[in-house]
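Next up, some structures in structure tokens.
Common to both upcoming complexes is chain A, partnered first by chain B, then by chain C.
Moving on, here comes the complex of A and B:
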């Protein structure tokens, strides 16, 4: 079933600098923009005086709330229409000038008057105001089946703990950027976005324009991870407003520091989790209560407790999500939203239970395998989790797992740990156009975008396979609203959405050719010359999934080997072996790459990443990539990725998403390995030196071998 | 946000550099790897940059009884220079533990010694920081203090010096040669740095316009001596030290006759631990001795809540460093 291990078809363009990213578009007469940022934490803007800014050489324009008042009210325009400061650093205006330096100098000279209000800098400052949102992501915020309270009372073993995860920021290498200009009543917007069509809709709505008068282009993305979406729109819309008024193209690019505050974050969580087992290690009850942060201007809640509802077989489950509003930036989905923090808690607790029950951690999970989705009481479209455990455990050598805290390699204590990962498989509406050119080559078009993960390549492969032509004959066009509407890049669903649409398009093209009399042994190139000398094209469309009687999810099993410095408590991941089941694998090379990238993100979340807020001022400190640590090359473990092909006959084309899976589960797999290495359980992320140091015995004093002079 | 506009020129020679370098708003630049960050963050606001990269101050060689390293020698060149590798491997170790390969290809020795603190309250816009804005307070003192100093700090400032190289050089009794309006002078590297006291905004004892031209390391500092550098950090590379230790010992007839223990990342300057050094002298190089010396070395360090673990971490790092030297592994 596996497809070809094709390399990224746009790879050479990228590494030679020929791939034009949004921020590299430089129209003539372009102005540069800079944001004026609030210096208070919470309050009202009562006056904006730009008279000093206007004297800056090169200054052209300044826009703020008054200039956005005519925009249609929506969540995308609220922050630029209503003069209320919700968090430190929130933009209160935008300057445009001939040079970037002039724009920034002018921005610094804009005087803003505020009336300050009391603020909440952290969730523990307002715990009594916690509330339960109706929704957590796409799911209902609270759930209840059976009677978990009673079941926990009667359980043979209850593991009850609090787990905490830190605020993370997405930090794609490419910052958010927009370069826009007006052509009469039409606007052209080059921007770094995970949704060209979504961006077009927002602009058209805000400016009360026909959607066809808005063109949004994003041919390449330097990463997104969830932050290149709605929280960027307000600042982009201010830029469009300034461009319209000045009649000049304008470019706004966020600084790295601004990317800590303006474009979303993974929300911190405090999770109270109780899991109860019978004497044979079968789950009898789960209670999973999640407390998380949201902002004072928007509501977002990760699906953190969802894993407790359906990952395992369990008759009694209660889950609850609660939020606290703080004057901090707005959270949004970040790679493996919900499942990353949720599996950290659940899969850590299962490891604790396995130890206390004297059952191997893999065996404990096998015993609790859910043969259907117990939450919705529907079958899985496919679930190869048991095979994932077996394959990954074999390749890792799990059967040789030594006793806890016994293995030493030089200065390193070695530990092994494992965990389960999962993510829902979704699909969105998608249209794909396939054109057979007069020269016999193929052009494929879809108005989705490639985040860097291989969308160009996999779409080319789908069409090349379906039409029986070499990959080199296929050109793919993405990232432009002039192309047929495609899905946003998020939630691991682009490939699954494109596949049925591409298949329909190629089927339609073949049908047209057959109707025109294409011969059975005729090549496409010969046929098009003979019967359609101007070329011929066809479109296909896919619909969103509406799975009511079946549940579609991807699953995986992750095994890690971790080293902890026996004295200094430095933590390094040495080895990761993982098996993932994601339906039909269209390109094993790109799929493995996605998984490895996801796992690296998870390693960062587990050991390094933490956005730090100064509690007295509510400001984020260390807002740079020297202080906000992500894994570097020297941190890379050896990766061994197994792809479990599934024949999922329910899903069109049998395709499930890939991107999120590696970024969940790995957190608990590492934490469990750290416990195996050291005997210490750490129940918060990130896990750092100070969490282990005092639990590690100091080296015993003793004589060294005698030294010769 | 990025900083203000500045003029840029290349210095004709050292005399030209020091003649112009003392003017208000003037600043020297070589590799620029720290200055660029400081400028972007508004922590350096030069109006005139004087480029000293091309002044030929990048030589590395033996000068009499000393190893001479030019101030604009690139870190990458220092780390692989045969004299350095053969005679002072401690310097190469410390340099290779610094930054990334790309940054070492640009950064210079002089700039490394003069880089400014990584304290997030100093580097982040809008925070209370006496080093940035005297009189505005110290946000780290009652705030996030994982990176705060254990030694040499005061109520005005708890920032630490981030250089790895400087820690090794202090352990080797290095001096720096400085050119200024009043001629050339030499200053011990330990005396180059000053403690925050009443003026946390001033990091060094350099006068306005003074330029470090080279670093000098006595050859004797390494001959017959054993040394190593241990750097502790959260990730495996490309991170400033959570803390570090450079240790140098000389053993004669089975007894330690010379000892330098210097730690980094825990004080406003590379920080010598004389109490620990004293307990090594006259002793055998044994783990028990190291443990006692390490415990004495860290005694009395007054931690803050978020960095208290570093007292124990430093003690262990000292034992690790000395043990590594003694066992040769």
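Moving on, here comes the complex of A and C:
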């Protein structure tokens, strides 16, 4: 039932290795594909010679620009239709062969001739070409209310700093993969995607096919975090082209190295932030200017400064996003897009202000609580942030916070820090079909996909709850365009999008049964046998949200304790206590997993993750999982997660998104704790040993304060 | 340059199989050719642990294991641990603790944990250390450790 700590219903398939991921279908006669990658940074492809490649034993075919020219022009086909190299490693062709080894050998033998052009390999090489995009994500790129310049001049305290965040890569554990084959004029595409329907639409458009002739399947998805979307489409389309021409099924799987360049990244940011306060600690002005990277073939801008517009009450706010085009890979959303880098700056600045004002960091945030969205001047659908601060602070033991840089535990200097997190709550159109089988069991179908967030389980719970049947009676089918159209997995919106559609479908099913004469005390199983022996089904459809007169957001408060090694400056997060308010919690077990996973992603961004680019060639340095550091088991702190249940009567079912919240706020909570431990303020991510090594003050042993529960 | 194939006899999950393989084929790819897709490929260079299997009870990263050199060895993959109807206690503990999200790292985590339990682990810190070669990008780590601790009787 909803609200129950139900176990993941597909768990048994996953723990036994039986869940079939997209790359695991093995059609007869399948070929393997490999990508030919550009060796230059920027220029034109003027010749492709595959004569040596064709002599590779097992070679079957090679496709390149000429073979994609008949595809419809779009952003998804530009990189495979136009022989222009925008970044090093960009694919210029694809080989297909009997074995993976043969395909890779052939790809290495394709000779490509280029005319090189001057390149820009880092944003600081073209600062004078920075421009302001119209949009940052789904919001307007620039904003202005009140008169922040004047308000800053008259402020009691101004904290003005530059904050920087690094390029990150998503790196879901499952590499991008496609296995596709043609059946006459129809194509079947098994691919790792966060959007089976979105992928179908792109294929149909590119190949000028009726959408019904394209079937996209992704029953299990090995993570995504934002990168299993549009930037994968060009390489997938080349594979489809080769499959059509050879008449054979083909499989293309990206290598881990390719996942650094071909499927998107979290863009780096340089943020100039000024926050002004009056003597009582109330915000009087915020100016937040963001500079970020985009590629020379696409435009993407995170909503980095959005938090400065609406997280706190402030009469004078100006924000601006600017981009610089470089010959580096294209950025796209990555878990907690915008809010992760944005809260790092804003929540670090608030901590600095709290210290200078002599006000407790929690109290400073409470004083600046926004009782409505000041940016749009509309009420919140619900906002339990004050409760989040209180619950998390109590559980963490914040009241015993000692003075800065005084606590030592053995060789560790201990520090405490906190920060706020938030993420918008959205919904997309969604259809859900519910079928009552002759044996009384239920099948639920939706053409969305489960990225690992628990979509199978919560959809089953919604339907079981609405129909009053045990969860074990419900089977869920996802990840196939033969099912009713469902939302893409992104922006923490799938659960909220499914809820109204599922409810409509179960209501319609009940209405049909009532019409057929189902008795009041009859069970579904008895009724279906008596009045609909072939089974009966109903569909529900819900639209996207169009909230104009209200703002829907999830909020949370994150508290951390860090230890910094007094001699080696190693940084360890020791414990994290967080309270999250995300509307109605459908499954606390899975929701906690999402929050913990989100926080771990945030710990990675704060202390470990950085994609490094060579400043002359634009190539990625260390494009592997040994050099690109991500959190591992040994890095784990203790987690204490509090779920604040909200009764949001505005949202259908009261459901908000969950997955993004933990990946924002934590960065500043850790940075603030490091400052508390050492007195050193680090204003860039990731924060590493070298940032603290030279600045550690001499230690004076002290006692660790006692913790409350 | 013709690619020659060689015959290799392996014992996989208790079944003896003879397979014609490329002399430089990795065990992971051979398992996939045998239709055993439970062992995952995450990096192909020994850095993620998704491909962990047991060879004569010892954990190995099968992406770096030359298949030809495992002739005669007893290989155990996730398919040999339990079935959905008859789960191994560790698999049951994974589900109880919600020690998985996308599930892609899960077979590797479980195989690695089985190897670790056999090696002997005395506390949660040892489990964390011993499983640190198995990456989980979804961040299921604390719950994986809870599941392994339970199965190890800690």
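Just so it is clear, the second predicted complex is superposed on the first by the 694 of 709 C-alpha atoms of A that agree within 3 Å, B and C clash if a C-alpha of one lies under 4 Å from a C-alpha of the other, contacts with A are read in each partner's own complex, and residues count from 1 in each chain.
One rule holds for everything that comes next: contacts are C-beta pairs under 8 Å (C-beta built on N, C-alpha and C of every residue); 3 or more make two chains touch, one makes a residue touch a chain.
These figures come from a predicted structure and were not determined experimentally.
**Student:** Considering only the touch criterion stated at the top, classify A:100 as touching first (chain B), second (chain C), both, or neither.
**Tutor:** The answer is both, since A:100 touches chain B and chain C.
**Student:** Applying the document's definition of touch, where does A:136 land relative to chain B and chain C: first, second, both, or neither?
**Tutor:** Neither partner.
**Student:** Should A:631 be classified as contacting the first partner (chain B), the second (chain C), both, or neither?
**Tutor:** Both: A:631 reaches chain B and chain C.
**Student:** Looking at the overlay, what does A:639 touch: chain B (first), chain C (second), both, or neither?
**Tutor:** In the superposition, A:639 touches chain C alone.
**Student:** Touch check for A:255: first (chain B), second (chain C), both, or neither?
**Tutor:** Touch partners of A:255: chain B and chain C.
**Student:** Tell me which partner A:614 touches in the superposition: chain B (first), chain C (second), both or neither.
**Tutor:** first
**Student:** Who does A:459 touch here: chain B (first), chain C (second), both, or neither?
**Tutor:** neither
**Student:** Considering only the touch criterion stated at the top, classify A:15 as touching first (chain B), second (chain C), both, or neither.
**Tutor:** Only chain C; A:15 stays clear of chain B.
**Student:** Once the complexes are superposed, what residues of chain A are shared between the chain B interface and the chain C interface?
**Tutor:** Residues 100-101, 255, 624, 626, 631-634, which sit in both footprints.
**Student:** Can you list the residues on chain A that touch chain C in the complex?
**Tutor:** Result: residues 7-8, 10-21, 24, 26, 57-58, 99-102, 170-175, 220-223, 225, 253, 255-256, 451-454, 589-590, 592-594, 596-601, 624-626, 630-634, 636, 638-639 of chain A touch chain C.
**Student:** Give the list of chain B residues in touch with chain A in this complex.
**Tutor:** It comes out as residues 1-2, 4-5, 37, 40-41, 100, 118, 120-121, 123-128, 139, 142-144, 146, 232-240, 242, 251-254, 284-288, 291, 309, 312-313, 316-317, 319-320, 323, 326-327.
**Student:** Can you list the chain C residues touching chain A in their complex?
**Tutor:** 1-3, 22, 24, 29, 32, 35-45, 47-48, 50, 77-79, 81-84, 87, 91, 94-96, 98, 100-107, 110, 127-129, 131-145
**Student:** Under the touch definition given earlier, write down the residues of chain A that touch chain B in their complex.
**Tutor:** 34, 39, 88, 100-101, 104-105, 107-108, 255, 257, 411, 567-570, 572, 607-608, 612, 614-617, 619-624, 626-627, 629, 631-635, 688-690, 693-694, 698-699, 701-707, 709
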